[in-house]
Amino acid sequence: MINATTAGLVLAGVLFTLGLISMLIRRNIIFMLVSVEIMLNAAGLAFIVAASRWGQPEGQVMFMFILAMAAAEVSVGLALILQLYHQLKSLDSDEASRMRG
Amino acid sequence: MGTAFYIAAAVAVLSTIMVITRYNIMHALLYFNVSMLSVAVVFYLYGAPFMAALELIVYAGAIMVLIIFFVMMLNLGSQTAGEERSWMTPGVWIGPSVLCLVLLAELVYLMVQPADTGAEIKVVDPKEVGKSLFGPYMLAVELAGMLLMAGIVGAYHLGRQKKKIVHRFLENSPS
Amino acid sequence: MEWMYLVPALPFLGALILILFSGKIGKPGVIAVGCGSIGLAALVTIVAGWQFMQSGVPAFSQHLWEWLRVGDFSIGVNLRLDALSLSFAFVITFVGWLIHIYSTGYMSDDPDFARFFACMNLFVGSMLMLVLADNLLLMYLGWEGVGLCSYLLIGFWYKAPENGAAARKAFIVTRVGDTAMAIALFLLVQHTGSLQLSVVLERAQSLWAAGDPTVVWIAFLLLGGAVGKSAQLPLQTWLPDAMAGPTPVSALIHAATMVTAGVYLIARTNVIFSLAPAAQTAVAITGAVTLLLAGFSAWVQTDIKRVLAYSTISQIGYMFLALGVGAWSAAIFHFITHAFFKALLFLGAGAVIHALHHEQDMFKMGGLRKSLPGVFLVFLIGSLSLAAIPFISSGWYSKDQIIWLAGTAAGGRPVYAFAAVLGAFITAAYTTRMMLLVFFGKEQTHVHHKPGPEMMVPLYVLAVCSTLAGFLELPHTLGHFTWLSDFLQPVLPEVVTQHASVAAEWGLQTITAGLAALAIYITWRLLNAPFPKEAGAFLKSGWGFDAAYDVLFVQPFVRIARLNRKDIIDNVYTGLAAITRGLHRMMSATQSGIIRWYVLGVVMGAVLILSVIIWRHSM
Amino acid sequence: MILLAFILFPLAGAFLAWASAAVNATLPRWIALLVMLAGLVLAVGIWVQPEPASLAGADWRYVYHQPWMPRFGVSLSLAIDGLSLLMIVLTFFLGAMAVLVSWNEIRDRTGFYYFNLLFVLGGIAGVFLVMDLFLFYFFWEVMLIPMYFLIGIWGHGRRLYASLKFFLFTQAGGLLMLLSILGLYFVHGASTGNYTFSYAELLQTPMEQGIGRWLMLGFMAAFLVKLPAFPFHTWLPDAHTEAPTAGSVILAGLLLKTGAYGILRFVLPLFPEACHAFAQVFMLLGAIGILYGGQLAYAQTDFKRLVAYTSVSHMGFVLVGAFAFNELAYQGVVMQMITHGISTGALFMIAGVLYERLHTRELEKMGGLWAALPGLGAITMVFVMASLGLPGLGNFIAEFLILAGSWQASPWITVLAATGLVVATVYSLRIMQKVFFGISLREFRLKDMTVREAVMLLPLVIAIIWLGLFPQRVIDTASKAAPVVAFQYKDN
């Protein structure tokens, strides 16, 4: 039987990879933002698993930081997407590939 | 490992797969909420009940709701689904998926490698977390606070729309 | 003799005046300057020669200025008058003067009258520099100078591209020989430390034993220069094409003077050739083979000037043969008689061509005996000399001497004598053919205008000379008169003969005369006999040398030039630039601004790093 | 002081010319001409002056020394000997010709044009005079950048490509030289404790064999590119072809000579051992350059490009002669530097004169011009003959001395190089045939030489004939500057 730490880390890896796939195949910016959230979540999971493996609080501390960062990122990100949407009238990230006002 | 973990893990993986395959963004976001809930269960199982709660409150509650409201505000739900469908051809997703699966295989290979045996799930008290947060990680907490502050200011600044777009009736005003 | 520097200086001065003021002095002025300067030079030569002969010194030299001095190596612009250079200088100025006078008539209609005389004067000056130089470098100056003038005059009518091609061919082919000669000079500088003729020849005798490899190399390289300038095998191909120039040019440069520069060079450096028996044998063989090959080619030509051109090659072959067997003075004797009678023949041919409005094909001439009696007469005298008709022609005296010495001189062999006799037979044959085709038979082209006195007088003078010049030397059978070889004695060693007898000489002369008569008879009978076409074409093209050189040298060079017009080395650098540009393009392509590509890059990097870790791990 | 004048004249004149353009567009050319003539008079004055008796034994005629950055051993040190003097005379002579050539050709931005022209010439004069390696590198770069502008702004069609290529090649070589200069500086400083860039002191630098060879190769990199020697020559045809006429004249006549000068002045005396070690290689490169350049010259259809490749061929002789290590070859190299400057410069001027009349450089579009331009044709003939090495003209003296000298060092390479004489004949005669002889494609109604053209071409004709008949004056002047150290070096 596979032990708990490994199982948790594998789960984190799977979730992270799924987020990565989503990141790579989507062109919609909101989807990409969601993909980032998936990956952040997976990373948080890995920290939690590690914290429980060692019985130390640092892992959970890190998760809290991740959480704070995700919150800030989403708020700024959404505001940016809003601006882009008004500029480009589209959510296609490729449309934003040129550095043009 | 208990059955609960496997069930939660299976739900998390399946719902995440649903997230990344949906064309309709609202569906995807709802699936993502499900995924988040099951991850919260996993947290709980790994002896971090406080974190599970935070996951529910902040992630599934606040962040997701923010995104959902945002999508609803722009009224994107069904409108972009068709566009999304046209972008999502096999040629687009097969290559990256294979690459990512290779990455996953490598990750798993490395995780399984050490065969760590003496590991049992140890519960970490929220009190411990609090102590270390406000002990050695004090500076980081303050930085996180500044980050959030910057996020607020940034979001406000960026999100402030030009008046002539929102308030059409003020178009001719001098300011 | 103090005025000796005037001999080359006067023609140069004349050329300079003609170049600078050609527009101002008008045609009479051009004639006065052109002919006058050469005439004066001839006069000075005669006076200086007279004084020289009176004085009895072996050589007189005049120092003008120091040309260059580097360390111990020093070369002056010095002139040297001795028997050999005097003989050449006399022929050059005298024949040159006659040809100049002739040219005033021949070229009178040409718009570039002044340019013609400027080049001719430049040529005479350079040629005099060549023969009067007291060191080999100054001689090389004249050597190249006459090459330049030859180039300018062959291509005188520059509008026709084939004339330009002939001119360049002449320059380039002779330049090949000149380069060999230049290398010989380098060897001499290295070993003797000087290029002064007297010093070089003196040191050569003390430095090298006979047959020493170095001296053999030097002699062979000098021979290379000589065969280039004198149109001998294997560099003879330029001379027939050189007939593209005006006929007086052919007479002066390509018959009388410049082409004999090789003979002069070898006679001048006879000490070196004596030290290199292998090279001297090569000279003899070159001469023997050339005289035969060119004789056969002359036999089938249709262009009157090409007949004379091949005949010139052949006659110079005789001179080389004489030099090769050690009969130095015989070569000079033949040079003098040849200069007269070949100039006469060329000028006569020029008169015919001029009269027929630049028609050169012998098969379109005929019957001119009646319409141009004066030309016929002098041409006959020249032809008799060329064909070596006994007693009455100068050519017989000189050629007979060579034939005789080819078998009996120190380096002589019966086979050389045989080749020379056979050559005499062919010479008689093609000369007769030419005479018959041009002056006998039925008239085919009408005579436009008869040559004026300015053309006829030089012809008569040359006719007289080419008869009288033969009496400078008489064979044993006719009293053994040796004025010329005695005169040349201080410069050229005496001919050493072996198992020679007057009776044998009588026999040989009889055979030669008989063969000449036979040749005339056969040619007369078989003038219009059919001739195998392929063989004829082969002979006419000069034994296929041109085609062979074209395939061996010209075509490869032109092909390389065409392939490598853009400089393949440049591809290395443009290739470097292209690689840089390609890398730049690849790099900047990654900066597409599409986020997914960046993520893909991150993923690939992660895969790579993990692969490396796993690979290291499993090792 | 007089030496400083040679450098300051052109540099000051450059700024003056630039400023004067604001007053009148024709003023700069007069200023430039006057500056050049003044320099020429000064230089010829030094030359004709008999050598002061007190200096009879010394190496230098004039020396100027002024400390500049003593801390780093850099000083403003100028000196002139026979070789430098000849090069300075050539610089101002061809400089004056270059000004005359541009008289009517350049019509826009004349002020900046003459500024660049004079600045290049000032840099060249500096290169020929300085005796401090730091300053040498400085002037080496000074002459590079204005040249870049001359080609890039006033050039023909592909001028940007050509100027960039020129810049990159010379800059790459120059940087390697800078490395070597610094290497020499530190090697000398480490062994003697005296850190200096002074040429005179660096002469006796003891160094290891390996280091010496690497340093020598660094110097050679710059000089081979500039010369240009066989595999590094490809910048030259482009630069020559696209440059304005004066640019081509200066490039061919002077810039290439700085490479040859560098070899004679720096490489041979500083690294005698390394030079002997690599002599065969460089001689072979030179011989290959002679033949390869000749072949390419023959293949060209653009007049200026053809002449450019003949430069490659002729400068091959310089390389062959410089590494033959004897006085014959050395004198030949000096003569070749001067005569090639004159003859090739003249050919470029002729190309410019023809271009002004025909508006083409294509040989295929010329032909039969003798009838229209007999005077120009005669002058061209002189320089074509000079190019193929006709005795009586300066180039012959140069080539004869080089080959006679190199024969003693390496007969087989000399044979190869002598074959170049035949190739030179082939391509040189092609110029005459294509331009002046043959059938003319149309009736040309052209003016023969104007007075200005005669004034700029006739001195060159006289010079080349004078050098061919009376070269002794030049030989005497140059003889004392011979790099005797390298001649006398013997392998142990």
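Just so it is clear, A, B, C and D label the chains in written order, and each chain counts residues from 1 on its own.
Going forward, contacts are C-beta pairs under 8 Å (C-beta built on N, C-alpha and C of every residue); 3 or more make two chains touch, one makes a residue touch a chain.
Since we're looking at a predicted model, the values are computed, not measured.
**Q** When I count C-beta pairs in contact, which pair ends up with more: A-C or A-B?
**A** A-B
**Q** On a C-alpha centroid basis, what's the spacing between subunit A and subunit C, in Å?
**A** 95
**Q** From the mean C-alpha coordinate of subunit A to that of subunit B, what's the distance rounded to whole Å?
**A** One centre to the other, that is 6 Å.
**Q** Averaging only over C-alpha atoms, locate the centres of subunit B and subunit D and give their separation in whole Å.
**A** For subunit B versus subunit D, the centre distance works out to 73 Å.
**Q** On a C-alpha centroid basis, what's the spacing between subunit A and subunit D, in Å?
**A** 68
**Q** Would you pick out the residues of subunit C that each touch at least 2 other chains?
**A** Each of 596, 600, 603 in subunit C touches at least two other chains.
**Q** Could you list the positions in subunit B whose residues touch two or more of the other chains?
**A** Those would be 96, 99-100, 103, 107.
**Q** Going through subunit A residue by residue, note those that touch at least 2 other chains and give them in order.
**A** 20, 24-27
**Q** Following the definition at the start, I'd like every touching pair of chains, please.
**A** Those chain pairs satisfying the definition are A-B, A-C, B-C, C-D.
**Q** For the complex, which residues does subunit C have touching subunit B?
**A** Residue list for subunit C touching subunit B: 596, 600, 603-604, 606-607, 610-611, 613-614, 617.
**Q** Spell out the residues on subunit C that touch subunit A in their complex, using ranges where they run on.
**A** It comes out as residues 592-596, 599-600, 603.
**Q** Under the stated contact criterion, what part of subunit B meets subunit A in this complex?
**A** It comes out as residues 1, 5, 9, 12-13, 16-17, 19-20, 25, 28-29, 32, 35-36, 39, 42-43, 46-48, 50-51, 54-55, 58-59, 62-63, 66-67, 70-71, 74, 76, 80, 83-84, 87-88, 92-93, 96-97, 99-101, 103-104, 107-108, 111-112, 116-117, 119-125, 128-129, 131-133, 137, 140, 144, 147-148, 150-152, 154-159, 161, 165.
**Q** Show which residues of subunit C lie in contact with subunit D when the two form their complex.
**A** Residues in contact with subunit D: 19, 65-71, 73, 77, 115, 137, 140-141, 143-145, 148, 151-152, 155, 158-161, 164, 167-168, 171-172, 175-176, 178-179, 182-183, 185-187, 189-190, 557, 560-562, 564-565, 567, 569-570, 572-573.
**Q** Enumerate the contact residues on subunit B facing subunit C in the complex.
**A** Residues of subunit B touching subunit C: 96, 99-100, 102-103, 106-107, 109-110, 113.
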